[in-house]
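Per-chain numbering from 1; labels A, B and C assigned in written order.
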């Protein structure tokens, strides 16, 4: 019997929500069969099985949140003797109980089990010889703080089972681990960094689904019945994606002083070109040709001329990137996602068209991989697709610039010779992090983009 | 070129630099006859007038090198034993270290002060000292302490070519003890870089000079016991390669700093502070130092000298405790 | 960086008794006077609370200007000490720069606000940067002389210091090395009678610092440092001789510190008014004017005109420098290491 655990889908991701189980107990499972669908702050993905055999017990029902590394389900592995029916958990002795007694998971510093009574000296350290070490005197812990679950070596004066080093605390936070569930291999039963890492990689099979406090508290998001239409309002349950979008936008607005500017471009030539090419392109390449790949190609050229916009404001430093990894904002029914066309600067319009079509399709189907959404250096937003003719985008933090492609509309235009002509006009809007650059550079970039768009025919 | 000792690495590099750059010259006590450690043997005859015996006066060796460097030469001063450099402390501290700073870069000093340091040679109190801590406390002076012959070659060249005063520390016990095939060995060519010489998941040892070799020996022993050590060869002590130091600390979370210098105020304190400040959340154990005891200097008698000097056994013992923590 | 303005009709011909031309004599007077007037203005600014610290060379102008003029500007090097405003003026510093230095302004070409005033240094002008630690510069001068000798560059280095500095080990080490290698260096001691509060009899058991030359196998000379012309006449031949490979010189200029050690010192604690008045009669600037007037080298109105010019320059320089930018706090950073 193998246990399938919550994978870490993306750096810094600590938990995921089971959206749906795609296999039910008893279903046959082949290698890489999708077991369930998981949503995290970064991506939504299917979890492919690493085992062949038969689906066993589901440990985390759909709609619930589980920390990275938590057991999700069991699989009866083909070729192994069938495991006896899992015995019912025996209650108070389980680590789950311990977890509740000592809320550690994701707790960081406050309330975490930094169990040094106030007057205990910091971890004393053996003399160089390692002999004759006098253990630190440990006063009796107050009963109120005493965890329900017993420590590995309770009462022993050199017990370090509840002394957690900074490294251990950090790892526990990152992986959402309840440290009380671990047995330490260090001095005095101390849980070491390596213990935590080993636990993350190979959680003990006997460990039941350790529901962390977060899990217990998490509302069922997907399968909950719609709230009754009573009362003055209804509370909309926020999906992880929605929460992430919200947090990122707040952060961007709080941290980056953003300026906005707009130019209008005469895209008559571009519109005509696309009209000429689209049928042939569809036939040849199998994807629809829109204005977006042309626009993205022009953005790439402008970024190359004004590389200060192809940058990220990371903490205290501004990093200007050599590669053009362009985020393309995609509105899906499950929220806004910004998959990245990596190496966009190296692609032709046709190449861009195919890549954009691919990521957009996968975004709608929730089939983006972690690497699809990471590492963007600049963002393009096709707001024209909603019919907008001017919009004020919010910079995709920590990037420093975002540009919109507004809807191309026919308008009367007064030309240089004072004649009036009907032209396809498109507004292009830029928001930028004013810390990273000034209006002059932003204006130069935008004007450059305008000229490039107008030069297409 | 094949295998060479530390002293051969230094001598050959000096000869190469004297050949390739006519601004270089050597100034120091007994250097015309080859020096007491034979680092300059044969050079006075090959480069007439450019290997200059100085009187027994360390302040003048450094002060005159400052003047010559200011004029555009590239003096390579030799202080016969690091223990005697203190007579030139004022010239290094009050003058050389500030030459560029106090003129906002209008003037600068491309000079090197080479000096043999460290114990283990029955040198007693005044032929065994570690002096790096004094000079690492002097912004404006670069302090280099290589361990392997190939690095001695590449870093001595880098020091000579650097536009700043460089204190080039040569561990005298390793002069003939350590041999290396310098053609195939890694050689750091930039000042200010450290090297992760060995990678292991259990703990990280920082060392330089003779102690680097002792640390590597300890790491070999420990590997047989299932304890895998990362070993960092610091190479340049000032300016310190903070990035590599922190990277290595974060790899294991257990830090063991080794130096011969006495414990209090030793360079290990700075390393420990740096790691505690910037890698706190990665630490899995108290930072541990293995260093000379806080007595004024290394005693002469071999039993007491052995007591003073850290070695592979002491390092391994400390590492075992740290691994078990 | 105004060039010294001598009248166009001033003769360049050397006057026998002086070994100097009329043009040189005018330059000499101008520099001595400029040094003094600058120092006076600086002290006034200090007393007004506008300059934190002044350390001056009043009484030593003849010793400084006379010696510096014996060198070749742009070729020879000087490693001066903090009283050597006169040396620096001869080597190209102007009144405005002296005031920038006093006020530690951002653009002070000596130390950019990073050192106390009067810590000179300018690579291009061959003025070696100096610290507050006395006598260290003597070794730097020896290093330059050694390098020049190795390079076969026909330069001379003049390293100056007060007699107080001659007690330091670096003085001994410098003379010893220079003597061994017969280097083209002149150790120039401005013996002004005091090391802060200590009279020379507390600093040495001999009467003349120059007597020490013999112990190092180098030439020694003593000159009346209150007489700029005599100073020049002593230093110039020594410069020529050492340039020609004749070995180093130790020249002692006997002069007098007319002012307290610094703006922070009260010299009435350790010397009498009577002593001061006696020496004031030998004021080197006064002596110079009396001699050139009595020898009818210049009509008095020419000398008056120089004085007026100097007064105007100093006044303008002080006003100008006060309006110049200060360093920003973060200018404290940078140039710890030179990057080429």
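A few comments on the model shown:
Please note the rule applied: a residue touches a chain if its C-beta (ideal position, glycine included) is under 8 Å from a C-beta of that chain, and two chains touch if they have at least 3 such contacts.
Worth saying up front: this structure is predicted, and the values here are computed from it rather than measured.
Closest chain to the protein centre (all Cα atoms averaged), using per-chain Cα means: B. Between A-B and B-C, more contacting C-beta pairs join the chains of B-C.
With centres defined as mean CA coordinates, subunit C is found 71 Å away from subunit A.
Centre-to-centre separation between subunit A and subunit B, using Cα means, comes to 46 Å. Centre-to-centre separation of subunit B and subunit C, using mean CA positions: 42 Å. For subunit B in complex with subunit A, the touching residues are 201-202, 252-253, 280-286, 288, 290, 314, 317-318, 320-321, 324-325.
Note for the complex: subunit A touches subunit B at residues 122-123, 125-126, 128-130, 165-170, 186-187, 190, 192-194. Looking at the complex, you find that subunit C touches subunit B at residues 77, 79, 109-112, 114-115, 119, 121-124, 128-129, 131-133, 136, 138-148, 150-151, 169-170, 173-174, 176-177, 180, 334-340.
If you check the complex, the residues on subunit B that touch subunit C are 25, 49-50, 52, 54-55, 57, 59-60, 62-73, 75, 87, 90-91, 94-95, 98-109, 139-140, 142, 163-164, 239.
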